[in-house]
Amino acid sequence: MSVEKNWEPKIIAFTCNWCTYTGADLAGLNRMKYPENVHLVRVPCSSRVNPQFILRAFQKGCDGVMVCGCHPGDCHYATGNYFTRRRFMLMKRLLEYNGIDPQRFQARWISGSEAAKFRDTMTQVTAQIRELGPNSKFQEKWYQEGGPENE
Amino acid sequence: MSRTGVIICHCGTNIASMVDVEKVAEEIGKIPGVVYSVTNKYTCSEPGQQMIKDAIEEHSLDRIVIGACTPRMHETTFRKMLKGTKINPYMLEIANLREQCAWVHTDKEKATEKAISLVRMSVAKVGSNKPLFTSFIPIHKKALVIGGGIAGIQAALDIADAGHEVTLVEREPSIGGKMVMLDKTFPTLDCSACISTPKMVDVSAHPNITLKTSCEVEAVTGYVGNFEVTIRQKARYVNHDICTGCGLCETKCPSKISDEFNQGIGERKAIYKLFPQAVPAKPVIDAQNCRKLNGSAKCGVCQIVCPLQCIDFEDKDQLITETYGAIVVATGYELIDWTKLYGEYGSGRYADVISGLQFERLVNASGPTEGHILRPSDQKEPKDVVIVKCVGSRDEKKGKSYCSRACCMYGAKHAHQILEKIPGSNVYIFYMDVRTPGKGYEEFYNRTREDGATYIRGRVAKIYKEGDKLICTGEDTLIGKPVTVKADMVILETAMVPARGVEEIVSKLGISMDGDHWVQEAHPKLRPVETQTAGIFLAGTCQGPKDIPDTVAQASAAAVKVCGVFSKEQMETSPMISRVNEEKCCGCEFCVKCCPYSAIAMKEIDGREGNRKIKRMVATVNSGLCQGCGACTAACRTGAIDLLGYTNDQILKEVDALCL
Amino acid sequence: MNDTLEIKREAQLRETARRLLEDGTVGYIIGWGTTRFEDKTAPLFAAKPEEADRLVWNEYCINSLAKYSLDDKYPEKKIGICVRGCDSRAVNRLVNDKQIERENLFLIGMPCSGKENSVCEGCSHKNPVVYDILIGEPVEENTEEKASAERFREIEEFEKMSPDERYEFWAKQYDKCIRCYACRNICPACSCKECYADQYMVGWQGKQNNRAESQVYGLTRAYHVGDRCIECGECERVCPMGLPIMRQTKKMLKDINDLFGNYECGVESERAPVLGEYDLTDRDEFM
Amino acid sequence: MQLDKSDLQEALRILSAEAGVFVPSVVEGVSRFALWDGESSIDLSRVNTELPPKDILFPQTEKMYSYKMGKNIEIKEIIDNPKQVVFGIRPCDVKSIGCMDKVFLEKTYVDSFYAGKRENLTVISVGCTQTDRTCFCDSMGLSPSDAPGADVMMNDTGDTFVVEAYTDKGKQVMEAWKPLLKKGGKKPAAPECTLKVKMSPEISVKLSKMFEHPIWEEVSRPCIGCATCTYVCPTCYCFDMNSDNHSSEGTKFRCWDSCMFSDYSRMAGGHNPRPGKKERVRNRYMHKLSYFNERYETSLCAGCGRCADKCPAHMDITAFIDRVAEEEMENA
Amino acid sequence: MHSINHECTCSSNPLIPHVCQVTAIKQETPDVQTYRIQTLDGQKPFSPMPGQLAMISLPDVGEAMFSITAQGEDYIESAIKNAGQLTQAFHEMTPGQQIGVRGPYGNHFPVDDLKGKDLLFIGGGIGLAPVRSLIRYCFANREDFGHIDILYGARSPEDLVFKEDLSLNWPKEKDTTLHVTVDRGNETWEGNVGFVPAYLEELAFSPVGRKVILCGPPIMIKFASQSLMKMGFAKEDVITTLEMRMKCGIGKCGRCNIGSKYVCLDGPVFTLAELDELPDEN
């Protein structure tokens, strides 16, 4: 697949409202800079993130997907992220088993105070995915080949 | 099709300087369903809000998207604003264009593109928003305090003083807990009983407090404002309604039993008051040891001597169910059973190796020795006393890994008391560290050292008996040499552990414990007196080792939390909670397992199978308990349980919108 | 297979079935019956004592029967079901998932030394793990070494491939998928009232048949059943296009075993699935 | 006329210059009709392909129109009717195309999508030299070696095929093949299906009176409600219409659907006229053997045997037909 | 079965909708709206016969079959109840909204057979919608028909659809009697309270020279049919409409069959006698 000239990685990050989303806000308050490629979806808790959302994001055209939440033990809802941890340890392996590059799906614990970690993580992940190039796995070639645009 | 209004905020220049807001508004305006798309200088300002209200009227909008600062800032502001319009406050989404776009990017073109994506995602999401309505649950302004130690007493008094009814439940026949066993309190050396017993009396006399001693919590259901609690009133065999507490029965009772209040030093009767100042000041019969009740003899002496015929051998346990709006857990602590853990200290074989609490009773004027420090084995006054700290605490191998917090100070207090009461005595304190973080604590420790206590840094490795001496060997780690002290008595300053039965109470309440079985607070820093369950609060050592001032402080804090709950007639619950689609629910109970709040239960509903009417089980969410985390939704394979405000549909729409 | 022993077992099965139907212990019995073809049996529902003789027991009794109990969740009389090791684990699965009540079933245990089915190689439970009556003597189990060596062998080999090779492999497989949902409908771990994949209006899954949608279906199903899979292999057997479906669910199981300790589903009657619980000490790799 | 087997590749090459040629082949282990690339082997060893050729005319997913939402809705028909040839199709599958023709081209409405593809399709049938154990086309009134509905009929005589044109389209094929064809050749005798099923017109009539018969309860019980039988069936034509939506634009497509799915006939309010497997199995068998006969004067089963071969529960329509034949009518 | 008008006027491809627009929306009850539909140049999309159906769609949401409740010179109308995702989206429309329309589909009421007869229309809830097209047809050709009785019932006064017709338009028509009933009345309701079948028996219509057109929820149809049989009506004289899940509307997709009949093609209008001939599956 030839890489489009102006291709920019499209990265979606599901972030919990209490830690990572707050951390991202703090990064903003501190005017930290990171790539524009990252788009946050706010959810109450990382345990709200259904692993099917990840599949959906890849299918619809994301190049990288992240799930971020509070550090284990710090969950606003006490135990939510313990479930997150199990779910995504398994889902990540299943995705990789089906051929997704490990960097394309990552989970991270980033607290509300870790603005720098948020910035660094997003910068690093964007760089990794830029390196990998556009993702075509799990994507709807069918639509792309025959969608209204191409007619 | 929906009619969405979009407002892109300049935020002064905060957003507008890095994002081409006009372009964003223009691009978004092209999305079908967006019938109004404009920019605004300061959307959160009064004129900004008015503009939205006007637009709603003028363009018959049914949904609003605002591209502005983080929703964490003004979501509530805008929701409040919408309350005054025909749009439901939850038909709103906010795209974070400031903190997560303008402020963090440097390339205006790319930032503008990202802003368009972010707003488009919000537009897609809001299209699936449904009006949500807060519901109200009534608050029963009556509190239940579990545990009648100083924490429970303080919490009960504070709540009662604020004008609310309180029921204080204590499983022992008297309130008072551990504090009333203590002799003096550090660092001021107040008489412990002298400051705690008046509070106990206050409790019994307080018009707002119902005192339930010899009672245990049997079952708890419901949720904040509406806990249905079943309390077991254990049989006392003495009618407290009539009894005046004259004590005649106690003097005539022939059974003598080791006195637990005095830590086994001394004896009590089978009909007894826990201690002289007990509240209520009325006796109960210890059925296990009563000759009549355990069937070992006919006896019944107490019944004969009682002038008011209070004794009722037929008394039975009773269950009482009441509704409470809030619960304070103050179940306290007990000391670790060192005899099972420390064979090297004699496993309890040596009578003169005693625990700190036993020493408190020995040195207490109302204790078995009337305050004379006499060693249990031969009632002689000890001259050389060894105090060992950190027994069972900070000892991962044998006991607990945590620091028990109060031992350094009461160890110093014990040393001080010995040196004061026994002239010419020597006190050797084996310690690992000395921790004195408290007002006047370091000064007190220094005073003890000035009094002549010898602090030896190191653990006692072994205690054995030689004649009537106890030989304590260990290493002084400061000089790196072995030490041996010949002592007349050894006091082990043992670790606090959660009171027995805490596991049961925790499971009845549906709250959680940490690995050491201390009750888990909602957040270790920011919500230390709350639990994960709304309306259940923590006071005192049930949450972790504490000294008295901290215990009392937390009790008062818990009381304030309770009063906070009681400050309203009814409580607004967030509508962004989970909801079950009963049609789809297959009753597998996976959601139940994932809920941190035990907010999901199973219920039976009518269904049809072919032509047959059947009953089937489906999940149901308790709106009073659900906090809206959504852990259940990702566990539900069918998607039968969904989180309102963050539905599967909404999130999928957001994902799709990004991927255009 | 010891033929005389199995012939005897068939006779015993018929005799027992007849008795159970005669004395009213069960309303009907689900077992295997003949078809037009010698090497195929089909599920048989025997309701009358005289139908007991139509039950067969041979190396072609491969259909899993436990899930048929879901067609009759509220029976007036107990349902008799012939259960091999795998079927008995399927029963446990359904009981665990609160789909049926154990009391409604009468399990006729059929020790099984393997059928004309590749999944039987390395079977870890040839004898039923739960039953009400056992027909004949238990058969000898595979050694633990054999069973465990066989269990994840294919997965381990597959993991050695590069991500692109793995993708290629699965993409070709999912190109074949016709989305008949036989794998789902036969699976004892698939017991949703309405599968996510049928909820087109919610939008989890499109109904169009193409590689991407079939991949989403395949992975989602693997994730949905992976922590509850009893390894009966029915999904793979019924697939008309021959997709190696078990290789997805077994991957989940292998990871679960690696991450959370020994785990085999449907062996105990009460065990929370791995994703329905957590442990504070779970490995943390998302630092 | 005859065509040497050695000239087959060449014959196909001639056709593929003008049209996409579908041949029976094995793709990733599945035997099906696939576009011939000039090289790939043609697998005529099997009696029947595992997947029927129906998706050439009636793709499993077929885009109908694209749309753009907005103030104005734009709708644009998607027309995709390339010239195609299907080679090596067996008489039963040819008969199936005949059934689909009736559905999509007769009775008031003409289905444009199907019509367009059908118009551009040339059907070259190759008669069977042997039969599978699940084959029963001759019980359904067909001949394994003759497909009256084909454009070209070919029969294997060992080294050559006997070739015969049945239609104008067929004559064009013969014309194109002229250099390869030799005169003569005798059509071989048809092989006989080993499986004999007691199908007859009376069965259809009998069935129409058996709607309330207890047989349905019994035969439907093993069914697991999957779509295997309907998706491997060469005549099953039920479809669903859905949209593949990307925000404000997308494509409307139709895709195979199966009357065996529980949600197939469920209405928006939840009512389902065919709520259980009994009703669904009944509808499918009735449709195949009775309803279709009533409406179109032919049965909707060609006797290819695929469903009997692939059914996960080993249900067998032939056993069912024989059961009906034996059924005493007083029960009906 | 009656004569079928199967000339799809929308497009040469019967499965592709014609883009039309909603030019007026009327709120009938809290959950029923009537949409006036015209082509983009203000014309009538097609001329249906009474009882025929139209496939109406929002292409990104879905498509469903609705009965056409009325037609005028340059428009058709359909009354739609908010019951699911698609109808919810319809209810969010404002005038000017474009929609997809194809049709008309199905057979229609046998207007020729009804000529010269007394007519009794029985409608329940939204079931008045398909009947309304015929009622309007009869009024437009008033001389062709005898006495007209309209018996209509809804759950409550608020749920009565076409209130204007019920209270203003229809009572003015000559030789016409309206009988309106509700299951539950309210403070202002002065009409009859009770279920349709009971009211029907109370009104005691004579079967002589009278045809009945019956439409409503299945349960009402069941009991009203029983009442009609009791009153001596012949099954041939009772006409009703069926509802089935429909997708294509042109008798291809296979979903709406009852026996060998397709409701979208051979229905939705059947007499009770015709229904008796079909398998009991709806």
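Residue numbering begins at 1 within each chain, and the chains themselves are lettered A, B, C, D and E in the order written.
The rule we apply is simple: a contact is a pair of C-beta atoms (placed from the backbone, for glycine too) under 8 Å apart; a residue touches a chain by one contact, two chains touch by 3 or more.
Keep in mind that what you see is a predicted model, and the values were worked out from it rather than measured.
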Chain labels contacting chain A and also chain D: B, C
Every chain in contact with both chain C and chain E is listed here as B, D
When C-D is set beside A-B, which has more C-beta pairs in contact? A-B
If chain centres are mean C-alpha positions, then the most distant from chain C is chain E
Taking each chain's centre as the mean of its C-alpha atoms, give the chain farthest from chain D. B
When centres are defined as mean Cα positions, the distance from chain A to chain C in whole Å is 35
The distance between the C-alpha centres of chain B and chain C, rounded to whole Å, is 46
Cα centroid separation, chain B vs chain E, in Å, comes to 64
Would you kindly tell me how far, in whole Å, the mean C-alpha position of chain E lies from that of chain A? 52
Taking each residue of chain C in turn, which ones touch at least two of the other chains? 194, 196, 204, 208, 210, 275, 280
In chain E, the residues touching two or more other chains are 58, 62, 84
By the touch rule stated above, which residues of chain B touch at least two different other chains? 1, 583, 594, 635, 648, 652, 656
Can you list the residues on chain B that touch chain A in the complex? 70-72, 96, 98-101, 103-107, 110-111, 113-114, 117-118, 121, 512, 520, 522-523, 532, 576, 594, 596-597, 627-631, 633-635, 643, 646, 648, 651-652, 654-656, 658-659
Quick check on the complex: what are the chain B residues that touch chain C? 515, 583-590, 593-594, 609, 612, 614, 617, 635, 637-640, 648-649, 652-653
Touch list for chain A against partner chain C, complex: 51-52, 55-56, 59, 72-73, 79, 82-83, 85-91, 93-102, 106-109, 137-142
What residues of chain D sit close enough to touch chain E in their complex? 64-65, 67, 69, 71-75, 77, 103-104, 107-113, 208, 211-212, 237-241, 243, 245, 248-250, 252, 254, 257, 259, 264-269, 271, 273-274, 279, 283, 286-287, 290-292, 294-295
Residue ranges of chain C in contact with chain A within the complex: 158-159, 163-171, 196, 204, 208, 210-213, 215-216, 219-220, 222-223, 226-227, 248, 251-252, 255-256, 259-260, 274-275, 278-280, 282-287
